[in-house]
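In this document, chain identifiers A, B, C and D correspond to the written order of the chains, with residue numbering beginning at 1 in each.
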Amino acid sequence: MTNNKEPAIGWSREQMAQRVALDIADGSYVNLGIGIPELVAQFVPPGREFIYHTENGLLGMGPAPSAAHLDPELINAGKKPVTANPGAAYFHHADSFVMIRGGHIDICVLGALQVSQFGDLANWSTGAADAIPAVGGAMDLVAGVKTIYVMTTHTTSDGQPKLVPQCSYPLTGKSVVDRIYTDLAIIEISEQGFVVSELAPGVGFDYVQSKTGAPLIRESN
Amino acid sequence: MTNNKEPAIGWSREQMAQRVALDIADGSYVNLGIGIPELVAQFVPPGREFIYHTENGLLGMGPAPSAAHLDPELINAGKKPVTANPGAAYFHHADSFVMIRGGHIDICVLGALQVSQFGDLANWSTGAADAIPAVGGAMDLVAGVKTIYVMTTHTTSDGQPKLVPQCSYPLTGKSVVDRIYTDLAIIEISEQGFVVSELAPGVGFDYVQSKTGAPLIRESN
Amino acid sequence: MINKVVGGPTEAVADIFEGATVMIGGFGEAGSPIELIHALIDLGPRQLTVINNNTGSGHVGLAALIANGQVAKMICSYPRTLNSTVFPELYLQKKIELELVPQGTLAERIRAGGAGIPAFYTRTSINTPLAHGKEVRRFGGYDYVMEFGLQADFALVKCRVADIHGNLIYNKTARNFAPIMCTAARCTIAQTQQIVPLGGIDPENVVTPGIFVKRVVEVPAPLLESKLVSEGKHYP
Amino acid sequence: MINKVVGGPTEAVADIFEGATVMIGGFGEAGSPIELIHALIDLGPRQLTVINNNTGSGHVGLAALIANGQVAKMICSYPRTLNSTVFPELYLQKKIELELVPQGTLAERIRAGGAGIPAFYTRTSINTPLAHGKEVRRFGGYDYVMEFGLQADFALVKCRVADIHGNLIYNKTARNFAPIMCTAARCTIAQTQQIVPLGGIDPENVVTPGIFVKRVVEVPAPLLESKLVSEGKHYP
């Protein structure tokens, strides 16, 4: 049942994004973090409609434009060109963060450097002395959005666990993450710690545990 | 020089309004309280332009409309129909009070029940047990607007002083009034108390003092 | 797919419950969602806390809701206006509670409630009876009063145009409290004179983005409170 | 009579003084008032505190202002972006100060500064290093951090259309920080692609009412920061 081989196993980034999208209810207001989370928009299940918020001041964000329709003043939080869907609205930054801080956004999908077993998130700084600290809207999002999903590779590029007993990097927020989608598993944050709710095809519980820095709990059936 | 007779002497309400208007600089953003202060808009000196703010959500308020152009959804803070001048803007209540609380309005002209010699204003409640307390935007205006002018009859309808050593009615704000325009005189608030800067034609200093509840100071020339 | 349009005022307000806190847009009659208020009277929940700048006039709209005994407490800045007799009478009989809040503080408290700000400081009301019992704190040499954010279970607002996502635009000074109330209520219900297709409102001109609105109901020709009052109408 | 239009960027920024606090609109290049910033470089005042979400890119606009040694301190949320090298180098050499503020807190602090709110509470940054040294207070069972309003001597913003009273409308997501910065500065200077007669902007659609704007300067075809950066341009 277990699989301890090292070659590419588990979900691809696209499959992770698809899996996240499946868990978002029709009609949700969604904020997608920069990077991998942006992929989620490509996998909206048939019959569902999500409305995307980008914290720089647009609700109803659409996909990237064709080269002919680029507008350097219509961008997302990652400063990449986007479009506005019918029914969109522009607003200023204070109003945009009313949506975030006021708890009006249903779901935010973010990347992570580390997630602790009790849902602490570190995703803005490694705390290195020579780093330029930059936080953007991450702390506002985890403090205000109703549900926080993290989407991340299960380990760092050099194989270190990103799911840890306690974050060693500076926190973005404490006890803020609800669920983690990795290439290996879907993991809920419970009062007891990490609970594995789903394993990627061909991936065993023990293998995931071996890649995780804190104890995993099998979901009780 | 003094005049102790009781018949109508001093400035009319229109003359008071004209006198106030003379003291407002070109280009000022002005909020006029309900009642007598509204008359000021009729006496803008030639060559000057004032922009009127009404706290229910309009900057660039114009005069009352003709009966044919009444719109029950275009009203002033006194809930009377008004118009919008070219260059006007509508906004919601929180934004409207950003203008007030944030110190962006240059001058507010208000009525008064009482003004103390140190500039305390009482204009929202007599404190009577059977009164329905109602404050509206008066406390916001006196707390936020840069310059507060009071426009009032010098005494109550039964001859009691409205300019007093200390307000007996509940305060709207403490040390907020800059200048008082009455039917008898123009009175500045100084650190020493009431200073008479101008007397209405035919009105003597002693007469004004006799109608005032606190000592008046002659302006030094 | 997202379509927030519901059939009518009755359906729109059907889940407003006894003891609910309800923000109601409008400054006097401008922006008063009178059809939604009348539907709330038909529904009949009692012990409501209502947040509005005033207390209605005559015997229609908000005044009728109060007259019908459904309102336990009003939070407002100016409870007496022309033709306002219902609230004053009940207040003097101590049959209704009043929390009097300066108008700008009321607006800011509602905005704060919608913005996730639990408390803020303002100079408004300092050294007055309305600051009694409130925390006073000094910043930069001046005293300020601490005020709390206000939230509600429901907001009832009136607008001019809406789309099916709940994006709203208003009419002139009828905008007043509506945009901030939409942000501060768990369930915002908007009556609109017109519903347009998606894209019918320029994204640059949206005043209330749809994220703040749960239900939209079309009322093409809303009643005019002042007209009803001058005719001596009572609701119901 | 009121006419806030001035002749050009040079005249518009002429009184910005050494040690001034300057808010500069824009999120990356979207909304960056590049002609006003270049005029500020020409003018040369030093020891500025600049408030902007970022720190510019390449060697034009805000990055050039920093490279020119005029900025003592940046208050921002995200000082590293694509092609941003000027600030990082000076920061690592300890030649420029940084106050890092979460983006939403930055926006709310600017709004508070314009709204006469000296301080407010937010959950953002609680239990993180960015809350260190700040007052924490409990409301309704949750901890919140106290944050202070931010004000400035000047704000420089870019808009799409202005009238002579200083009413402004923006272009898409270039709106970002500009409307709140306009409220929080003693002197707001707006560069606009177009000036229209009074009445040329529908009062329902005004985003920044003229009361918040002191000077308007027309720049019909503003430079595009990303284009200048890709061409390797330096200013001056």
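Worth a mention:
Methods note: contacts are C-beta pairs under 8 Å (C-beta built on N, C-alpha and C of every residue); 3 or more make two chains touch, one makes a residue touch a chain.
What you see is a predicted model; the values in this text were computed from it and never measured.
The chain with its Cα centroid farthest from the Cα centroid of chain B is A.
Two chain pairs, B-D and A-D, are weighed by contacting C-beta pairs, with A-D ahead. The mean-CA centres of chain C and chain D are about 34 angstrom from one another, to the nearest whole unit.
Centre to centre, using the average C-alpha position, chain A and chain B are separated by 56 Å.
Averaging Cα coordinates per chain places chain A and chain D 29 Å apart. Across the assembly, chain C contributes 108, 111, 115-117, 122-123, 170, 172, 203-204 as residues in contact with two or more other chains.
In chain B, the residues that reach two or more other chains under the touch definition are 58, 84, 90-91, 97, 100-101, 143-144. Pairwise chain contacts in this structure: A-C, A-D, B-C, B-D, C-D.
Chain C meets chain B in the complex at residues 27-31, 53, 77-82, 87-88, 91-92, 98, 100-108, 110-111, 122-130, 170-180, 207, 224, 226. Chain A contributes residues 26-27, 29, 47-49, 51, 53, 58-60, 84, 86-91, 97-105, 143-144 to its touches with chain C in the complex. For chain C in complex with chain D, the residues that touch the partner chain are 108, 112, 115-123, 137, 139-140, 142, 144, 148, 169-170, 172, 203-205. If you check the complex, the residues on chain A that touch chain D are 54-58, 71-75, 79, 84, 90-94, 96-97, 100-101, 130, 132-140, 143-144, 170-174. On chain D, the positions that touch chain B within their shared complex are 1-2, 111, 114-117, 163-165, 167, 183, 197-199, 201, 203-204, 206, 209-212.
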